[in-house]
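In the part that follows, the structures are each spelled out as structure tokens.
One chain, chain A, appears in both complexes that follow, with chain B as partner in the first and chain C in the second.
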Partner chain A sequence: MNARVVDSIIRKDVFEFSRNRFLVFITILVLVVWVVVFWLLPSNVDETVRIGVVHTGLDPLLAGLQGDDSVGVGLEAYSTEDELRAAVEEGRDDIVAGIAFPADFLDATAAGETPTVQLLVPAGLSSEQRLLLSGIVTETAYAIAGTAPPVDPTTEAIILGTDRIGAQIALQDQMRPLVLVLVLMVETFALASLVAIEVQERTVVAVLATPARVNDFLAAKGIFGTALAFIEVTLLGLLIGAFAVNAPVIIVTLLLGAVLVTGFGLFSGAFGRDFLGTLFIAFFFMIPLMIPAMGALFPGSTATWIKVLPTYGLVEALVGVTVDGESWAEVTPVLLLLAAWGAGAFVVGAYALRRRVATL
Partner chain B sequence: MTTPAIDVSDIEFSYGDVRAVDGVSFTVGAGEILGFLGPNGAGKSTTIKMLTGQLQPGAGSIEMLGMNMPGEREQIQARMGVCFEEKNLYLSMTGRENLQFFAKLFDIKDFDAAELLRRVGLHARMDDRVSEYSKGMRQRLMMARALVNTPDLLLLDEPTDGLDPVSAIAIRDLIREEAGRGAAVLLTTHDMHEADSLSNRVAFINQGQVLAIDTPDDLKLEHGERTVRVRSRAGDGVAEQVIALDEQGSADRVREAVAVDGLMTIHTEEATLEDVFVKYAGRGLAG
Partner chain C sequence: MSLRRSWQVFLRELRLSPRSPVVFFAIAMPLILTFLISAVFGSLFDAKPKLGIVDEGGSEVTVAAQELDGVEVVLVDDVADLRDLVEAHDLDAGLVLPVGFDDAVAERRRPDLQFYVSGESLASNRVVLAVTTVDLVRGVSGEEPPVAVVVTPIGDEDYVPIGDRLLPFTVLYAVMVAALFVPAATLVDEREKRTLDAVLVTPTKLSEVLLGKAAFGVGLAMIMGLVTLALNNAFAGKPGAMVLFLLVGAIMMAELGLILGLWAKDIASMYTAVKAGGILVFLPVIFVLFPGLPQWVPRVVPTYYFLVPIYDLAVGGATFGNVTLELAVAIAICVALVPVVAWVAGRSERQLAMTV
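So, the complex of A and B:
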């Protein structure tokens, strides 16, 4: 490989990229949009469930309930059932449901009767949440009657994993890995476009009629694509505070991610016959590659098939470090997985481009 | 005897089952222009691609500047200039930037792009993007790019195809200058006039085979028909005699024809390369 030739091709690619208004626009747009969207997202989680209540003589009891932080229930008082009903229907005051105690609730309870308490729930409320509200009503009734529930088992919560009570993951934090991966994916298209133009215009044929070899060409494209993706995602990372925890691991992760998307960019560029063809192939890869990042938004067990997607290691490492504060040792297995996928994608992409160039 | 700059021996190449080049042999000396004349699909561009190293011959050998292609491809390409049939220029870059990029690939220090662009008549537009160039301007830039490394070998694939007469003349002048400097030039074309006016020798190629190689004059003399057409007044009308110069006694017949009273015009006619090509190939150069 000839370093001088590789350097010349990279400089030319940078120059061409800077002259391509569409690619520059897309690159800047994606950066700006995601930074703005990121900072508009909620940065904390309100763990309190707000419930509207029509109260008639229950004020001291309800006040006590509101003051208990561990309950996680916030009560919003309404003077009439109609007001509460309207608030639930219109989703006002952030209440998820309403409880309308009848005016004779205290008297009926004291007399040993069974009053009917109305639960006002929006149509979309799940059956589990309705059950929870029923429980609150029952608890309240026992408290008012001054009697203990017939059964009061002692419960002990065993937290598997990180206890997030009081420290829930904000949407902003959940979105951070997704945003980083998304921007890497967009650079797949940018590189693919530049490669496709070189192939379609057959300028690569002219380059290879000089002392430049096809390996020089492939190396230049690989370095340029990796650098382009890495610089942009690093810039984005700085702007959304992705390096606050364990920055070296994040940098290595993003670099491996840049290598991975470069491989896909080379492949897409090699087979794109025109702009739309390149766009189609790039999106063909981008959609499945985004799935692990989407999955990170919905914590829980990961389906096995998602674990075999090339970006799984990338997302796992980013989530592990930025959300859970994991160390080198903890993310090394997924980083190795990512490195293997990156190397594989790069080799396949370079091979595809080499084959394509040979047919020109 | 000096070693030819290009020595091609019995090369073959097939696209699948289609034999595109079938045992082609020729040589080109330093300072010589060899015109590769044939219709579209005859195998001219495939031969050029084997010489540039884009394709590897299935059989035969290619020696250029005493080196083997593709074995010593890098050393050969450092001394080779290629003008491709397709206008494969970087459209988003200016004419000057295109040449400077290729000068870097050839590792040419102190490259003067402006001077080279002046030679091809693009000096005034050298800082315009190539996307704004006309077809003729792009072709002239292609030619300039082929000269970036002051090559000893020039491979020109249809360098004037589709150009306006002014641009075509400018490019032909450049080709002559380069041959005058000592470069060996292989010129593929299906334009018989271009081949005739530029080439020291012409090779006819058809269906992947070289049918004949010689100087244009010798090809025309050997295989064409030379005639003298004499027109004179005859009463109220015009008499015309066509005398074939290759027949016996033709000189006497010409003398008799021009000695008549009322001589009007004398035309000499010779065969064109196309006529000769038709004799060899059984078809014309078009298509």
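So, the complex of A and C:
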């Protein structure tokens, strides 16, 4: 392999990329859109359901429901039902709904009567919040009537796993790895498009008529594709604050991710017969490659079949470091998996392109 | 113009379609979008608390829990599995109901309760599940609640969930890719590969090619539009009106697709034009998503006149009579686009004649 030849081919690729209005447009658009979208996402998690309440003399009973984030319910007191109704209607004070206890609620319940309590419910209130409202009312009434609950899940509960009360992961933090992976995926298309153009227009034949060999050509494409993806994703990472925790691990992960998508880019570019064909093949790879990143948004354990997808290691490492603050030692197994997939994808992509070039 | 030759072009498009990536997109993307929207808005942003139950003695609590709207109940075989699922946050909480649980509750004995909570569960979900569990157990004891609860709906009766408000997005995507993108892409492709030149040296005229391609795009758009509406359960008992608006929308998009396909000098510039102009086409979707925005703005965009009526018919409870004005405007736009297509086609034909 000749380093000077490789360098010349890379320079040519950089020049061609900068002249391709479509690729430059897509690259900048993706960067700008994702940075804007990212910073518009909520940066904290509100774990509290706020409920407006009109009550008379119920403060000692409802006090247990007012407190810090760990309770999950926040009560906002209103002096009249009309005031509460207006607040619910206008969505004031962040309340999701209202409970209007009648003025004689305490006395009537204590006397064994069955008073009626109004739940003021706005359109779109979720069914679980309705359950909560009605549960609060019923338990308040039972407490006044002196009937203790048959079970007490609140105090008898056993917490399993890290208790994240008050420290839940915000959507912005959940989305950070996803955004980085998405941008890497888009680069699959960018490189595939450049390779496909080179194959279709047979400029590769012209390149190989010079002292350049196929290995030089493949090395140049690999370096250019990896650098293109890595620079873009690193820039995005800087703009969305992805390097705040354990930056060296993130950089290595993104570099391995860039190698992985370059492999898929070479493969897609080698097989794309035209622009749309390349687009189709790149999309064909992008959809399954996106699944681990989408799966990370949902709570719970990862399905086994997702673990065998090439981007699983990439997503796990990014989530592990950016969300859970994991160290080198903790992410090494998934980084090795990612490296293996990256090497495999690169070898297959380079082999496919070599075969394609040989047929020209 | 010969309709027979246009029909031949249509059949040719149909024959080539299995090999066309853009036709694959037109078929696959509305289905994928429908799935993604229902998955994301059905379970990600509107996730119900999940309660796992290990029922060792056939408790009535389990039966009542499964009937609840607002809590997703999962039956688990043993306690170890339940603990694993809760710890991994596959469940927000887990409840173990031992043998004799119901009897203990009925006899006013305080039964042992094993209640596991996931550390990653939100405080609001924990309180919902705790309150609901107490409520369910009280139900088994046969106690009559000492209070009556009356639910009074407040405010916007026209509230539409976000998943439903995305209906115009999926419909537009289905119609746009099939009716606009397919004819435009195949036209540009044929011009680039010069197969169009070959066709035009036969007696077939450009207008007949355009009609055949547009008919294929409209047909595909109709099929995908109807499939999308069916998947979203959005016919609302008005299939005739839906078909009419879809047809007008598909024709409008096909006309724009022909203009784009004749204008764009290569596939990259066509794709860039779609990307750049897409925001205008999608403008009505944004205003449906955010009903607080001034609703006169999207009326300046042609797609408003078939998308919003489809949404109003499907979700807003509108009748055909309520949307006839929009239908008239949509038809007028389709008619007005015909001379534009003819002019662009004429110009393109002259250019092709010079290059042949």
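Here is the rule we go by: the second predicted complex is superposed on the first by the 270 of 360 C-alpha atoms of A that agree within 3 Å, B and C clash if a C-alpha of one lies under 4 Å from a C-alpha of the other, contacts with A are read in each partner's own complex, and residues count from 1 in each chain.
Everything below uses one rule, namely that a residue touches a chain if its C-beta (ideal position, glycine included) is under 8 Å from a C-beta of that chain, and two chains touch if they have at least 3 such contacts.
Owing to the predicted nature of the structure, the values given are computational and were not obtained by experimental measurement.
Colleague: Of the partners chain B and chain C, which touch A:I231 in the superposed model: first, second, both, neither?
Modeller: A:I231: touches no partner chain.
Colleague: Based on the superposed arrangement, let me know which partner A:V14 touches: chain B (first), chain C (second), both, or neither?
Modeller: After superposition on chain A, A:V14 lies in contact with neither partner.
Colleague: Taking the superposition as given, does A:L29 touch the first partner, chain B, the second, chain C, both, or neither?
Modeller: second
Colleague: Identify which of chain B and chain C touches the larger number of residues of chain A.
Modeller: C
Colleague: Classify the contacts of A:R4 with the two partner chains as first (chain B alone), second (chain C alone), both, or neither.
Modeller: Only chain B; A:R4 stays clear of chain C.
Colleague: When the two structures are overlaid on chain A, which partner does A:A209 contact: first (chain B), second (chain C), both, or neither?
Modeller: first
Colleague: Please indicate which partner A:E156 is in contact with in the superposed arrangement: first for chain B, second for chain C, both, or neither.
Modeller: The answer is second: A:E156 touches chain C but not chain B.
Colleague: On chain A, which stretch or stretches are contacted by chain B in one complex as well as by chain C in the other?
Modeller: Residues 20, which sit in both footprints.
Colleague: Sort out for me which residues of chain A touch chain C in the complex.
Modeller: These residues of chain A touch chain C: 20-22, 25-26, 29, 45, 47-49, 69-73, 85, 88-89, 98, 109, 112, 114-124, 126-132, 134-142, 144-145, 147, 149-154, 156-166, 168, 274-277, 279-280, 283, 287, 297-301.
Colleague: Would you mind writing out the residues of chain C in touch with chain A in their complex?
Modeller: Within the complex, chain C touches chain A at residues 20-22, 24-25, 32, 43-44, 46-49, 68-71, 83, 86-90, 93, 95, 105, 108, 110-111, 113-120, 122-135, 137-138, 141, 143, 145-159, 161, 185, 189, 267-269, 271-272, 275.
Colleague: For a test of understanding, state which residues of chain B touch chain A in their complex under the given definition.
Modeller: The touching residues are 52-54, 74, 77-78, 80, 82, 84, 86, 88-93, 97, 101-102, 104-107, 129, 145, 149.
Colleague: For a test of understanding, state which residues of chain A touch chain B in their complex under the given definition.
Modeller: 4-5, 8-9, 11-12, 15-16, 19-20, 201-203, 205-213, 360
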